[in-house]
Amino acid sequence: MQDNMNVMWTLIATILVFFMQAGFALVELGLTRSKNAINIIMKNLMDFAIGSLSFFVFGFGLMFGKSNGLFGTEDFFLSGVSGNSWDYTFIIFQTVFAGTAATIVSGAMAERTRFGSYLIISFFITTFIYPIAGSWSWGSLHHGNGFLENLGTGAFIDFAGSTVVHSMGGWLALTGAAILGPRIGKYTIDGKIRAIPGHNIPFAALGVFILWFCWFGFNAGSTTVADFSIGRIAFITNLSAVSGVVSSLILTQLLYKVPDASMTLNGALAGLVGITAGCNHVTPVGAIIIGLVAGILVVLSITFVENKLKIDDPVGAVSVHGVCGAWGTIAVGLFAAEKTLGVGDKDLGLFYSGSFSQLFSQLIGFGVYFTWSIVTGFILFTLVKKFRGIRVSEEYERLGLDITEHQAEAYYETK
Amino acid sequence: MKLLIAYIQPDKLTPLRELLSKLEVFRYSISDGFGHSEEKGFFERYRGVELDVDLMKKIRLEIALNDEYVSKVVDAMLAGGKDGSLGDGKIFVLPIEETYRLSTGESGPVAIG
Amino acid sequence: MQDNMNVMWTLIATILVFFMQAGFALVELGLTRSKNAINIIMKNLMDFAIGSLSFFVFGFGLMFGKSNGLFGTEDFFLSGVSGNSWDYTFIIFQTVFAGTAATIVSGAMAERTRFGSYLIISFFITTFIYPIAGSWSWGSLHHGNGFLENLGTGAFIDFAGSTVVHSMGGWLALTGAAILGPRIGKYTIDGKIRAIPGHNIPFAALGVFILWFCWFGFNAGSTTVADFSIGRIAFITNLSAVSGVVSSLILTQLLYKVPDASMTLNGALAGLVGITAGCNHVTPVGAIIIGLVAGILVVLSITFVENKLKIDDPVGAVSVHGVCGAWGTIAVGLFAAEKTLGVGDKDLGLFYSGSFSQLFSQLIGFGVYFTWSIVTGFILFTLVKKFRGIRVSEEYERLGLDITEHQAEAYYETK
Amino acid sequence: MQDNMNVMWTLIATILVFFMQAGFALVELGLTRSKNAINIIMKNLMDFAIGSLSFFVFGFGLMFGKSNGLFGTEDFFLSGVSGNSWDYTFIIFQTVFAGTAATIVSGAMAERTRFGSYLIISFFITTFIYPIAGSWSWGSLHHGNGFLENLGTGAFIDFAGSTVVHSMGGWLALTGAAILGPRIGKYTIDGKIRAIPGHNIPFAALGVFILWFCWFGFNAGSTTVADFSIGRIAFITNLSAVSGVVSSLILTQLLYKVPDASMTLNGALAGLVGITAGCNHVTPVGAIIIGLVAGILVVLSITFVENKLKIDDPVGAVSVHGVCGAWGTIAVGLFAAEKTLGVGDKDLGLFYSGSFSQLFSQLIGFGVYFTWSIVTGFILFTLVKKFRGIRVSEEYERLGLDITEHQAEAYYETK
Amino acid sequence: MKLLIAYIQPDKLTPLRELLSKLEVFRYSISDGFGHSEEKGFFERYRGVELDVDLMKKIRLEIALNDEYVSKVVDAMLAGGKDGSLGDGKIFVLPIEETYRLSTGESGPVAIG
Amino acid sequence: MKLLIAYIQPDKLTPLRELLSKLEVFRYSISDGFGHSEEKGFFERYRGVELDVDLMKKIRLEIALNDEYVSKVVDAMLAGGKDGSLGDGKIFVLPIEETYRLSTGESGPVAIG
C-alpha cells in the first residue's frame, strides 16, 4: 500500500521526468538547422500536450485498466477515482513516461515532417501504440496484467522502460524516418553521405545534461517507493552513463583520431538508455560493462543506420533509443544479479546463474516490442502519408519549416 | 582585370562553386547579404502582429578575374541561370585598376591568381 | 504541526519555485531584442536579491506577523525564532513566492526602463505592496489573519496564488507599462502596431519549460504538507497547462491560419496561471475547461492590450498573469467541487452547488486585489517617474540598455 | 542510523549537485569565446565521467575507508557493500561533490589547455588530490577519521565544503592557470591587460541560476538527514547569496560607475561559496555579513589576480572558489553561533564567544588545504607539462580548440 | 550604369528604404558592416577591464542604378542627411561596365531593373 | 579617389588597424566574409561524416582613399604582408567616380575624410 513518502518520491520523479521534454527539445534543436528550431519546439510542446490529454481520456485505461489479455478495458477518464487517491500520482507519473516515448520519434523526423501530420502520428502513439504495448509489461502495476509479465521462463524485466519507452520510441522513429525519406542534400545522387551539422551544439549539450539530471528520476523513481534501493539505482544509473561517455570517447578517438563531442554526448544517453531496464537488477561492475557496450553500440549504429540503411536520423534517436534500448533489455538477461547484490533470492542473469531462461524472456520481450513498433508504425505512417501526406514540399524544406509552417523566425535580428 | 559582384540565392551557392571549379576559377570571396527586388517577400506574424519581411537572404559573391576569364564565367553563369540550376540573381562587372597579393607583393594580373 | 516530511516537501517546492527566476529571465530575454539581454538578466537577478533581503527584514512580518486587520505587525527580521523552527522553511518558501510576483512586472517594463528606478519599484513591491495585500488572504498561514479569509460568503480561495502572486504582478505590470509608454517604433504615428520580434525563441521556450517544471512545486508545494493530495494537485495542474496549449494552438490556427509558437507557449503559462487558485479544489474535467478558457483568453487579451489599450507589453505579462490570474480566481467560484472530488464536505463551485456565495467571495477578492494593485502601482510608478524618471532617453533606447546602462554586450564576437 | 527519508533527501540533494555540472559548463562557455565552446563542454563532461569511475574504484576508499591517519585504506570498489545499503546513496552523494571540485579547475584553464593533458590532470585530482585531503575533514562521515576533525582547539568545521571542495578547486585552478600562462592577447607586451569578452552572457547567467538552484541541495543536503535544519540551512544560504549580489553590484557601481553584470553574477557565486562552510552554524545576520564581504572580496580579487598576479583566469574561478572559499572557512571561526541559534550548546564563533580557538582551527584547516593544493597542484601540472605538454600550440589557440582538437564547430551555419 | 555604395546607421535603414521606394528604386542589396571614423566609439567594461569599442555597427547598401537615376538618388539621400532623418554616412559612386540578369540573360541598363 | 578592397585573416585585423592609424587613415569599413583560394581548408567531422570546410573566415576591408594616399597604404600593407605581420591576403583597387558625406552634403576628395 502506498504512503505519503512514496507519493512524494514518485511525484518528485514525475516532475524530473516531465523536464526531459526540455532536454529532448534542446538536443533535437541543437543538432538541426536554425531554420527549423521553432518547428522542433512546437512538436515537443504538442507531443506532451496531446499526449497528456489522450492518455487521461484513453491511454491510461488501455495500459492499466482491467486487461482482456491484450489491453485494458477500464479506468478511462480515471473514472471511479475519488478522494486523495494514489491513482492521481500514478497517472501523472505514467503520463510523463508516455510523453517521453512520443517525443523520441520527433527527433528522427526532424526538418521535413508536416506539422499537422506529426500531431496525428503523436496522438496515435500516445493513445494506442504505447499504452497497449505498455500494458503487456507494466499492466500489473495497476489493475491490468500483461502476458509478458507471466512468461514461463520468468517475467519480462524492464524496470524503468529501456524497451517499453525507449526501444518502442526508437523503432517507431526508425519506421517514420524510413518512410519519410532523407532530408534534401543528405545523400548525393551517387549515395555518398553529406553532413548536415546542427546549429547549436551548446544547446544540445545542455539538453543532454538535463536528460541525465532527469534520468535519476526516470530510473530511481520507477520503484514508486522511497526506500534505500533508490540510492543504489541512482548510483548504478550514473556508472552506466559515465561508462557510455568514456567508451564512445575512446571509440571516436580511435575511429576519427579526435574526441568527437556530439558522439560522446550520444554516448552518455546510450549509457542511460542501456541501464534503464536493469538498473534495479545489476551490480556496479555490470552497470559499467552495460554502459561501455552501449557507448560503442551507439557510435557504430549511428554510422550503420546512416550508411547501410540509408536512413536519415538527424539526432540518432534510432541508435540511442532503439538499439541501446534493446541492448539494455537483453543485458538484463545477462547481468541480472539480485542474489549477488543481496536484494533478491536468486540471480537471474546468465553470467551469474548460468541459466538462459531470463535471457530468453528478455529476447521474447525485445521481439514482441520490435515487431509491434515496426508493424503499427508502418501502418500509421503509411496511412497518414496516403491520406494527408507526411512530408513538406521541397520548397518548404529549403526555406525551413519555421517560416513556412509557423510564419516565424527562431533568431530574429532587427534589420 | 574585372571585379565580378554577383547576388544569388543561398541554396544555389554549391552549384555555383561547382561551376566555377569546372572553369578552373579557384579564388573567390563570399559574404551574407539581404536583397530587395520584385521577388515576393515572406509573410511573418509575431504574437498576432503581421510582419512583412521583404529583405531576402542572399549570398554576395566577389570574383576578381583577368579579362580573358570574364566572358567565360559570365556566359557559364547565365547558362546556369537559364536552366534554373542557379535560380535568380544579378551580376555586376566593375573595373579593377590594380591587384596586389599580400604574401608576395606581386601586382597585376599575376596577383589575381 | 509540521514534521520532517512536510519540511522536506516544502523545501523541495521552494527550491523549484526559486528556479522560476531563471524561467522568467529566459522568457523575457528571448522575447526581447539582443541589445537589452543583459539588462533583463540584471533586473531578474536584482528582483530576487532585493526581494529576499527586504522580505526578511520587513515584508515577511507585514504579511505573516500578528495582523492589525490590514497588515502584520511582528516577526520582522524573523525575530523570536530559535532552534530548528518550521519558520525558517516557511520564510524561504514565502520569499521565493514574493520574488515571483516582483519579477512578473519586469517583463512588461522591458527594453525602456531605467535600471535604478526599476530597483526602487521592485523594492517597494516586495516590501509593501505584495506583503500587505498577501496578508489579507494568506495571513492565517502563520501568525496573521486576513479579512479576505473571513468573508461572510465563504473565505476567499487562492490556493497557490493566481491572484495574490500572478494577478497582482499582472496588474502592477499593466500600470507600469501604461505609465512607461510603448517602446520606440511599437506604434506608427497613425497608431498601427509594428511587431518587435524577440531575438531568441528557443531561449523563451526553454524558459516556459522551466516555469512549467517549477510550477509543480508552486502548486503542489502550497499544501506545505506531503500527503496524497500533492499528486492530485500536480495532475490537475498539468491538465490545465496542456489544455491551455491546445486551445491557444487551435485559436491561433483559426485566427492566423498557422500554429503560432510564441502564443502557444503563452497558452501553456496561461493554463498554469489559471489553475493556480483552484488546483486543490477542481476536478480533472474542471481543470481542462479552466485551461482551455485560459488558452483562449491569453491570445485575445494580448491582442486587446496591444490594439485597444495601446499598452506595449513585450512578453504578455498583463495577459498571462493579470487576466488569466483573474480568470483562475473566478473559476474557483464556478468549478470548486471538493465534495465531488471526495476531499471536502461540500462543493463550493456554482456549477456543482448552484450557490453563488463562493463565486461572490472570489469576485470580492478579485476586486480588492485589482484595485489595490492599480492604485498602489499608479502611486508608485508616478512618484518614481516624478522624482527620478522611469524611462531611459530615446538615444539609450535606440542603442540598447546593455551598452548604455551596463557598458556591456550580451553576445560579443571578437572583431 | 539512516532511514528511508534521509536516503530520499540525500539522493534529491545528490541529483541537484549533479546538475551543477551543467551550471559550471554554461558559466565557463558563456564567459569564453565561441571558438572554444565545444572544448569546454567536453572538459566538463569528461571531468564528471572520469571522476565518477575513478572515485568508485579508488577515490571513495581513499577518502572514506578506514584511515591510516593520512588517507583511507579500504572500501575501494565499494567492496563489502551488499543489499540496499546506505553506502550506495553516500557514494553517489560524495561522487557529485568530487566532480564539482574537479570542474572548478577547468574554468581557469579554459581556451588554451590540451584536451588529453586536461583529462590526466582531472583524473589525478578526483582520484588522489581531492579524496586524500577530503578524508582529513570528512573521513568520519563514513569509516575514516581525519586529523582535522580532532584538532585540540576544536574540530575544523567545513559543513558543505567551502574549503574541501571550493577552495581546493580554486587553489588548484590558481596553480594550473599560473603554470599554463595567460591566453594570447590577454596581456600586451608592456603588461597592460586586454579584455577577452565571453561570447554569450545569457548562457553564463543561466549557468549561475542553475548553480544557485543546485546549491540548495549542496548545502542543505550535507545534513544527509531530512530534519527541520534543512529549511534553516537553505534560508541562510539564500541570504548570503543575495547579499553577495547586492554588495558586488554596489561595489561595481562605485568602481566603474555602472552595475557590471558579469561581476554581479560572480557576486552571487561568491555569496554561495562563502556560506557553504558555515551554513549550519551561523545566524541570518551572520549570513548577510558573510555574503556582503564575499561579494566585495570577489570583485577585488578578480582585479588583483589579473593585475597584480598577472594570472589569466577567464571565469574568476580562483577568486570565486579559492578566495571566497577561504573567507567562508575563516568566517565560521568568527560567526559560528550554535547556542544563539538554539541548535548547539555553545557558540564557537569569536564574535559570539570571544574565544579564538575555533578561529584557530579554521586557520589551520585553511593553511593545510592551501599548502596541499598548491604543492600537489604544482607537482601535477609541472609533471604533465614536462611529459606531455599542457598548452596547445599558438596556431591551435588562434584557430580555437573546437576546430583543432575536436574538428567541430559549436555554432555551424550552413553556407 | 553606376554602383552606389552607402554606409548608414543601422536604425536609419527604414527611413532610407522609404526614400528609395518614393523614387521608385525597388532593387538594392544590404549587408551588415562595421565602420571606423571620427565618430566616438563606445566605452565598454568587461570584468573590470576597459574595452574600447570603436567599430560601429553600420548597414552597407549597394544600389546599381542607371545613370539618369544616380543624381536623383544621391540628392534625395543628401537631403535626408541634412534634415537628420538619415543621420551620418558616406556614399561612394563606382562605374559599372556591365550588368547581367541571371534569370533571363539580359544585359546592359535593362538588366539593372 | 580609389576604393581599396582588401581580404585579410581575421586575427590580423588589429595589426592592420594599427598600421592604418600610423598612416593617419582613420576612416574605413569592415565586414565578415569567407574566402576560397589555394589555402588549405579545415577538416571537420560531424557525427562521423567528413565535412570539408574550404570557405575560410576572412575580414573584408573597404578603404576609400584620395589618390595620394593609395600607394602609401598599399606599400605599407605589402611590407606588413612580407614580414608576416599581416599574413596572406589580397588587395583590389577600384576607381571611385564620386564621394558624398551625408551629414554635410560635401562631395569629392574632401568628403573622403
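Structural remarks
Note that the chains take the letters A, B, C, D, E and F in the order they are written out, and that residue 1 is the start of every chain.
The rule is short, and it goes like this: a residue touches a chain if its C-beta (ideal position, glycine included) is under 8 Å from a C-beta of that chain, and two chains touch if they have at least 3 such contacts.
Quick caveat: nothing in here was measured; it's all calculated off a predicted structure.
Fewest steps needed to get from chain A to chain F, stepping only to touching chains, is 1. More C-beta pairs in contact connect the chains of B-C than those of the other pair, out of C-E and B-C. For this pair, chain B with chain E, the centres built from the Cα atoms lie 19 Å apart. The centroid of the Cα atoms in chain A and the matching centroid in chain D are 34 Å apart. Averaging Cα coordinates per chain places chain D and chain F 46 Å apart. Between chain C and chain F the centroid-to-centroid distance comes to 52 Å (mean Cα coordinates, whole Å). Those residues of chain B in touch with two or more other chains are numbered 30-32, 34, 44-46, 55, 94-95.
Among all residues of chain A, those that touch two or more other chains are 5, 8, 12, 196-198, 200, 256, 258, 260, 262, 407-409, 412, 415. Those residues of chain E lying in contact with chain C across their complex are 11, 34, 42-46, 53, 55.
Of all the residues in chain E, the ones that touch chain D in their complex are 44-51. Interface residues of chain C, counted against chain A in their complex, comprise 5, 8-9, 12, 16, 33-34, 196-202, 205-206, 209-210, 212-213, 216-217, 220, 226-232, 234-235, 238-239, 241-243, 245-246, 249, 256, 258-262, 264-265, 268, 284, 288, 341-343. Contact residues of chain C toward chain E in the complex are 398-399, 403, 407-409, 412, 415. Across the interface of their complex, chain F is touched by residues 2, 5-8, 31-38, 55, 58, 60, 74, 77-78, 80-82, 86-95 of chain E.
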